[in-house]
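Take a look at the structures below.
The following pair of complexes shares a single chain, chain A, combined with chain B in the former and chain C in the latter.
Then we have the complex of A and B:
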């Protein structure tokens, strides 16, 4: 048997696009389509929720949607691929400033500026990803943190273009408005779609061949390379995907804020929140960052409103307690507990202690 | 030229001070592979303790150092034994998250008690300086720098010459093997963290003496500086933080002279990233720890 025919045997049977679609529809079962259905139901519920709440409350919920998108994006590189970036806020600030500079200096429409922001995010991810993704663990974390701080200083000092430390304002009134302001209901919709799109994108990526490659790189990079995965490519693409989502979120955030300063959109606490949300929810899953982002953002808003000066103290204490009791993340804990029927939290604590 | 020398001299004394902040951070990172986000918070806690002793008891900050060190050691020991040891086997970023939460608790607690005002410990000598040729050397910073060097050498001696130091080193190299040799890893980790907390407290006292501190901006800056210096100097060598701190201090001080505005911050980060790409083990770090870098 010649090598050519062996390859022919190993090739899957060629199918037309219609056959692929038909097979896909036939393969749908409640067991494999419930996440999509739950997602659609959640999306519809959020659309309905908008009709019930006031614009002021809508603004608070908008922040939840923003963090859902950011947490999902961080999970791609930090959770699935295992490279915990502490500089994702660089993409956020880059997206925000790209949109603001284009809209303010060149009067370009938001809908044109936003894709440019995404492209800028991807380019920056490739630029810093290629050298930095060779590092691992804490070293990758500090290097990306440094990159974010460096980018902030560049924006801070490029005063002729960005306005520097004095901040930048997106024109929202007058004759020459590039895009009319969305208002609170408009931004509720915009951030809802952003969040839904990032969840859907991450879910699709995670279940694709590429998603398995990311997990393989996380589990054992040498072994992944040995079975023919181009680990550098996988890491850079995962980083760029994550950066694209964060840059897009930054673009919307910039337009929502209208006026902001480099210290606002390059605030390292955005990165820290992304990491905390993913870690507490459970990294390496779609539900984890979702639960983490919704839970923590609602909790922090609740504490801010009801506990006044004590809110940060309580917030920190809750982080400590959740980390101690659910080191693998809340979602991963419950998933395992349901499967093994062992719900003891004390046993869970014992697993990771010294 | 005089200006340049002055900047270099300031860089050396400032670098010594920052080295004192970083040495405990580097020790904890090297031994336990824990990046301690609450290091800055511990330093500020020490600073408040010394400030309190100075204002209410009238104790000189240099005399307050032993009290601060003992109190901070106890505090650090309890934190490690009671909290961090619980998640030491979990993925590495959990310890980072835990210490981040801890730092929120400590700093907001301090803020509730002491308010967020800038504080400083007033002494008659800290702001005085003497002239060395064309260069002015401030007494306070010089003393802090000398103290940093003495403490670093002392720590290196403890690590290399005593049973405790050997136990800490062994646990850092291979915890399983160390436990088989009868070393109580829980206790050793707690002692290591206690030492780091004590050193952070001493550093905080010095910062409060030569400058000012507050519970909102100082801790984050100190943690970041400690992180950068540890990477720059390299892990696994007690002198790493000292070398990294001096290089960092001089680079920042001379950079501040040559560059305008806030560009100096960008340069510091560029130096850091260049170090990581070209020589990830740091300037004098041990190769054994480069296993964790895994380039």
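Then we have the complex of A and C:
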């Protein structure tokens, strides 16, 4: 290679957006498009499934969709960016209460209240993210946990607006309802779209420049800064994206529940489930949180129906076993196993032991 | 851009009275120098002389206790690392810092995705990365994980990552440490090629032979202060520098 071509490398490639798009379309092959195709097929299958199951069962599947969206959202900040937030439920409660307050107190349509809830999530993420994202590891985890607890107490005590500990009710009866209730089939569809949109959004983000920036921040912030990545901006935007999705999920959840209390929508077990689902499925990928959320929520419901009293105990024991045997997450384990052709689970445990 | 510019032109890098104190220790004390565009400046000195601290201060990784850093005559003291990178300044790390979860190719592409000289799309950046991997000689490892690389190849990766940002000023922190003779030759050639394509280079180095053959000027740091600077042969034949900072053995070998 001559010095001339070196100079060429050192010039940025300036193609127009149209050229980039054209080349992207031309480069589409089954080999590089299958995740999107599988996703579309899954979406279609879920639409078909709805026709086959009872409304009561639809309600259970709706919970799976909810957790798919929540796990994908947590993965953006906790997985890709490497900032394990233990306060994402704050956004859930914030979204839920924004919708409930607007619909109940001001009779605003859900379709107007829901976007406001997303904006509230973004603003809250920026507000707490700017100071808290300076902390790392356990410090960040504890600080976000505190922020969520704090927000719950504010909602709990702002009785004139939120109804406080007595809870809040979204009007769904009478002539003056802001938005007619969706019903079980309607919420099945709503949460399916929410889950699909979250998966698609996270997949697009992960493959973008910003996605690479998140991973770079995760791996080494000093090295990321040295190649021109504004690490503070990346962290805050990732946190805000995550918060927006969780707040949106909270908004739909609030409308579905109609009536709820601060302890319901600020329940720390939502955060814990998000974390566990991502960890079990495998963080830092799209498939990981998807598998984790679907697998754990289905397992949890199966155990609740079939085991009665001891379902939580068994559920916990299974989580412990999966974490011990697949510390990197189930999806990441299978990826590595297929690549290296080593399927031994004992080897896997040895590889990741401390 | 290729030929070194006249002395009167604004230097691409100017350091004025730069000092850094860690507790009671002055890691760097009152250091001033400038580098003209197209020059290669070698920085040498024993361990703990303040060489890496100097790079960290220039690239915004840490803030100086006092003094100024100017890029193209503009004061950039205290700016964040990414902002300095956007001013076309790139660096390598002495202790290599690959992004471990990504492939070698993606590691390099990240540099071409951000900053002022970025490519239009991720696929363009990946193509840029492929060319840079050929340039530094690790194209065969494009799809490997960075932790599979040898020490020498990991340093090449560091260099490719830095080049991907399309710097005008490149600070290389001991990229030749631990390399074999032939590898050093190749690295020296590469550095000359980079300079010929218009990049100004500040090279911190322990490998004496390499730094002498590569540098236009050499600056010797000791205990955080500049004790000598000038043309490589002048600096290295300075008896004081030889004895005190390159060790007595080197001094004896030279005199026989």
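Heads up, the rule we're going with is that the second predicted complex is superposed on the first by the 332 of 354 C-alpha atoms of A that agree within 3 Å, B and C clash if a C-alpha of one lies under 4 Å from a C-alpha of the other, contacts with A are read in each partner's own complex, and residues count from 1 in each chain.
As a convention for this text, a contact is a pair of C-beta atoms (placed from the backbone, for glycine too) under 8 Å apart; a residue touches a chain by one contact, two chains touch by 3 or more.
A quick note: this is a predicted structure, and the numbers were derived from the prediction, not measured.
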{"item": "Which of chain B and chain C A:136 touches, first, second, both or neither", "value": "first"}
{"item": "Touching partner for A:24 - first (chain B), second (chain C), both, neither", "value": "second"}
{"item": "Chain B versus chain C as contact partner of A:220, first or second or both or neither", "value": "second"}
{"item": "Chain B versus chain C as contact partner of A:310, first or second or both or neither", "value": "first"}
{"item": "Contacts on chain A seen with chain B and repeated with chain C across the two complexes", "value": "none"}
{"item": "Sites on chain A touched by chain B in the complex", "value": "78, 84, 131-132, 134-139, 141-143, 145-147, 149-150, 153-154, 156-157, 165, 268, 272, 275-276, 279-280, 309-310, 312-313, 315-320, 323-324, 327-328, 349, 351-354"}
{"item": "Contact set on chain B toward chain A in their complex", "value": "29, 33, 35, 83, 85-94, 96-98, 100-105, 108-109, 112, 185-186, 189, 220, 224, 227-228, 231, 261-263, 265-266, 269-270, 272-273, 276-277, 280, 292-295"}
{"item": "Chain C partner contacts - residues on chain A that touch it in the complex", "value": "1, 3, 5-7, 9-17, 20, 23-24, 27, 207-209, 212-213, 215-216, 218-220, 222-232, 284"}
{"item": "Residues of chain C defined as touching chain A within the complex", "value": "59-61, 80-83, 85-86, 90-91, 93, 97-102, 106, 109-125, 127-128, 131-132, 134-135, 161-166, 193-194, 196-199"}
